[in-house]
Amino acid sequence: MEEMSRWPIFDPHSHIDPRRPAARNFDEVLGYHYYTELAHASGMPTERVDSALDPRTRAQNLAEHLSAVDNTVQYSWLVEIARTFHQFPHDRITPANVGGLFDKALHENDGPSWDLHVWKQSRLEAVFLTNEFDDDLEGWDASAYIPCLRTDDLVLKLHEPRTVERLRRTTNVDVIDLASLRQAITVLFDRFTKKGARACAISLPPDFVPHRAAPRRAVTPVRRAIQGLDLRPDEHSEIRATVFWMLAEHCAEFKLPFDLMIGPIRNVYPAGVAGGRDLFDRRVSLYDYRDLFNHFASVVFPVSTLSPDAGAELVAYSWIFPNVLPMGHWWYSNVPAFIAADLKARIQALPKVKLLGYYSDAYKLEFILPKFNMYRRILAETLAGEAIGKQGWTIDRALELARLVLLDNPRRVFGMKPQGSRS
Amino acid sequence: MEEMSRWPIFDPHSHIDPRRPAARNFDEVLGYHYYTELAHASGMPTERVDSALDPRTRAQNLAEHLSAVDNTVQYSWLVEIARTFHQFPHDRITPANVGGLFDKALHENDGPSWDLHVWKQSRLEAVFLTNEFDDDLEGWDASAYIPCLRTDDLVLKLHEPRTVERLRRTTNVDVIDLASLRQAITVLFDRFTKKGARACAISLPPDFVPHRAAPRRAVTPVRRAIQGLDLRPDEHSEIRATVFWMLAEHCAEFKLPFDLMIGPIRNVYPAGVAGGRDLFDRRVSLYDYRDLFNHFASVVFPVSTLSPDAGAELVAYSWIFPNVLPMGHWWYSNVPAFIAADLKARIQALPKVKLLGYYSDAYKLEFILPKFNMYRRILAETLAGEAIGKQGWTIDRALELARLVLLDNPRRVFGMKPQGSRS
Amino acid sequence: MEEMSRWPIFDPHSHIDPRRPAARNFDEVLGYHYYTELAHASGMPTERVDSALDPRTRAQNLAEHLSAVDNTVQYSWLVEIARTFHQFPHDRITPANVGGLFDKALHENDGPSWDLHVWKQSRLEAVFLTNEFDDDLEGWDASAYIPCLRTDDLVLKLHEPRTVERLRRTTNVDVIDLASLRQAITVLFDRFTKKGARACAISLPPDFVPHRAAPRRAVTPVRRAIQGLDLRPDEHSEIRATVFWMLAEHCAEFKLPFDLMIGPIRNVYPAGVAGGRDLFDRRVSLYDYRDLFNHFASVVFPVSTLSPDAGAELVAYSWIFPNVLPMGHWWYSNVPAFIAADLKARIQALPKVKLLGYYSDAYKLEFILPKFNMYRRILAETLAGEAIGKQGWTIDRALELARLVLLDNPRRVFGMKPQGSRS
């Protein structure tokens, strides 16, 4: 573990804003939906973290509810951030000490240098972004903050006028039908890859079933969707499958990995805090993805699955399909108990060259280090217990595997050369 | 663990008969369905534990089959009961020593004082009951044995004439339609809460999907059900949803937690022993309960889920919904391997103020202690390994969490003040 | 563990060819689909292990891809085979040393004596086979290699002309309708049991739902299937259920255990290597089997389930149904992480007399020992940690349980007397 903590961090999925990567104040740390939703789930009214409040008040309000969740692993990241980056001397963040912490963590005036400080202290090497398709991808160092084309809106919201409007504006293609939609998507992939994008990504609900597109069947529903007309459920379904398949075709053509994040249902709890309204239905299977995996043999699919009990199936599919790779431990599965169980099975049953360790999913740079430290600790424990303890591996052999999982595999799969940290 | 074993026990769900809480003889202990069903599952004919046999014979018969299950955790409760309450000196209960044990455990003539003895030796503080809706709730100390309104029959068996008959008799309401059904249910809630009830409870099959009641749609099926007429499947479904929703409305009005016990299918194995015929279909999801959780924001739903692999989803739903609380480890999930996995995830990912540790589900008072001891052991191991070992918690901090889980949270959620044991 | 490793091995399910049980060369070891599919899943083209290649070349080719999977438990069996049976001195099999290993492992000219050597060194007692229904069952010692009637083709492929053709030829019954189909199946059971068969076995897809046969409903579809006519999906379904039910009736009549291996879907990945194309849909439940388990109370059903997350449900069904026994840890579940979790729950919750430990599923004799050693290690760890460590069992008591699980139960359930190893 000490050895691993000296390694650089390669983070293949985050929601970092590259123009403002680190938190400018501690409210931006506390505002992470993990805290607001856990506090809300334990009784805090949403108004206490209203976006209209000023940051210090909002931080103070939230701090009053943190004691209810100070047992959680999510809370432990918070304390690690405070202690690592802000010289916070305490074990818990309380209403009494959050003010001082807020003062220490204020970087409104030295933003870019603070970004660099966090980047270096965390030994970051590359951080993948989540870019909307109409992001202009300008204004940051794309060798550090790697663009990634997020495509949920294209697949799931093509029927919303705003989506088509955004697509027209960003591509200059007059999107009116299936053919022009394809043209526009080609423009997107061309722009993104030229700007250094290394992945296409999408999150998909549990009832989504990809199937081979039948352009003849899809042409009318797609045109109706673009025109903003009402759609029947089967038309919605046809449109989603068609656009999704088109994206996969572009991943093949542009040689981009296609990150599949399977499971979430949006807005299951509408009265929740921002970012804390989505859940899932655990009745989901990768069997629904067989046509996709078979058809696109040349596309690499790093797969995350949301329901913790679906992790074992992902092991089996990664074991058989060359193009299916188990990626990270996502969201509701990002809990040590679930990570440890999944990781043990992955290490025992899957080719080591396919293991894509972990990603932060973070919104602010500060979270990458504590999250990766959590994962590295679990990885170290797993290797110590299983590989060294039971299989008789040497420490070097265990570290070699850890390095593959954390660095070599993600770098190779996402087409990155090893490189030093940003200087 | 030694510390925890000195704490009182707060047991928020049992099937204890408050008029006869402790076993009067050892046949009442051995008659627990866990033993008869395990013995039957390993080859014992049901006739050997026929209810027509005299208790001593039945105990002797069962003892002949116990060696087949002496590896199980269920068996370990039995030995702990024998050793703790009956000075049983052996490690295993055999046909040769069960007679002596039966003699020692005979309390037909000193029932109430034996009840008190078990209560005190177990350091019980409160034991929640399972009361049928037509229970008169008379004849016991309701500050020790807390009434709880069990509503399975109302929701799932309204079409059986006996149910309506019982409802009319116990409420004096002439139940003939939806409106009078509601009146009767109000009478029930009024009576139960006045008698000190602290929860409404129900067990629901995996295919049950609560949805907002549409009185106009339900009025005819409900009337037909009450009249005992034949019903179509969709009418059955409408009636169940309607009555269930009405119960939730009453929980809101009367400020009662609504215990949801999700999963069982009754009588899957009709040839089984009494209490040993029910199983489940593991394809179940809390996503089906979203409308309920959203609509009744003011109602607390302590949720138990039957299929062990459904436990991870309950963690996610408790993480987001303020009114969903993970409760105990139920029935087929009440096995150390499953408890440990679930508990670890709950402690790592959920607000500590929401953790409703454990309940006994017991039919006789003697079982509460060994079951809670099993749980307290697992809790102690989890805290020692994860919190103290890996997170660096102090023992005091770990004990503080244990106390919340075992005592403070259940007391608060079920509206009980801390109190000494019954004197 | 040392104690257990001196015990004989009783292996109630394998794919050993009794006429050629041990590998004649190391290509037959490396050709096990676990290696070819893992190598392929990590990038090896299928052509590299083409069946047209000569064995040495194929072994050399595969060895070039083994480093990608040298972390897996499957790989550890390989090294254990090389070290145990072929004096291989290294820790890893590489392109550089595979040639020497190939030379050492060459037994084309001393096949039968090599078979006996592996048998004895592994302390094998009995190895169950997987015999197609038209196997003539001649040419081997049936007290060592136990015949087992595999029935997938009869249930799932009755509509293929070849199946009926094979059935007619092997039974001399002119199979033309339901009645003659039953006659033919009776002939099969008669022949198999006379030859010493100890089990009937079948693997079933996750959407298969057994139901009581309705001969009147089935008579026409079955005749149409036998005539090779086109069938509607509901007819396929009726035929499958009917033939399956007929097999269960014969298991009852001939007193054969009926091994159910639930879950696989064939050919999900058609471009995979031989044996590496099947996967599953994790949405499966034993609830679908209730009619079967209820109706055939006298038939023992040793059940394996493919999806690792379905293991907990099998614990519950084995807990209730006398005729349902949890058997082994199958295929994608045959990974230490999954075995350990399942085994712990089985030992804690199920009658010890019902635990059917493990089977090798092996195609070559050499695999039985390392696979059983893996299982025995996990069993030893589980007993040491849970039973001895936490329940205070003596080592003797733990070993007694281990012996039941590994030897006494399988021997009894499959109707075998204890016996020495083949001499």
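Per-chain numbering from 1; labels A, B and C assigned in written order.
As a convention for this text, contacts are C-beta pairs under 8 Å (C-beta built on N, C-alpha and C of every residue); 3 or more make two chains touch, one makes a residue touch a chain.
Quick caveat, the model's predicted, so the values are computed rather than measured.
Enquirer: Testing understanding: with touching defined as stated, what is the shape of the graph linking the protein chains, line, ring, star, complete or other?
Expert: complete
Enquirer: At the subunit B/subunit C interface, shared numbers over all numbers used: above half (same) or below half (different)?
Expert: different
Enquirer: For subunit A superposed on subunit C via Cα atoms, how large is the rotation, as a multiple of 5°?
Expert: Rotating subunit A by 120 degrees superposes it on subunit C.
Enquirer: Approximately how many whole Å separate the CA-defined centres of subunit B and subunit C?
Expert: 40
Enquirer: Multi-chain contacts only, two chains or more: what residues does subunit B have there?
Expert: Only 283, 309, 341 qualify.
Enquirer: In their shared complex, at which residues does subunit A touch subunit C?
Expert: Residues in contact with subunit C: 283, 285-287, 290, 293-294, 297, 309-310, 312-313, 315-322, 341, 344-345, 347-354, 386-387, 390-391, 401.
Enquirer: Quick one: which bits of subunit B touch subunit C in the complex? Just the residue numbers, please.
Expert: 37-43, 68-74, 76, 265, 268-272, 276-277, 279-283, 307-309, 332, 335-338, 341, 377
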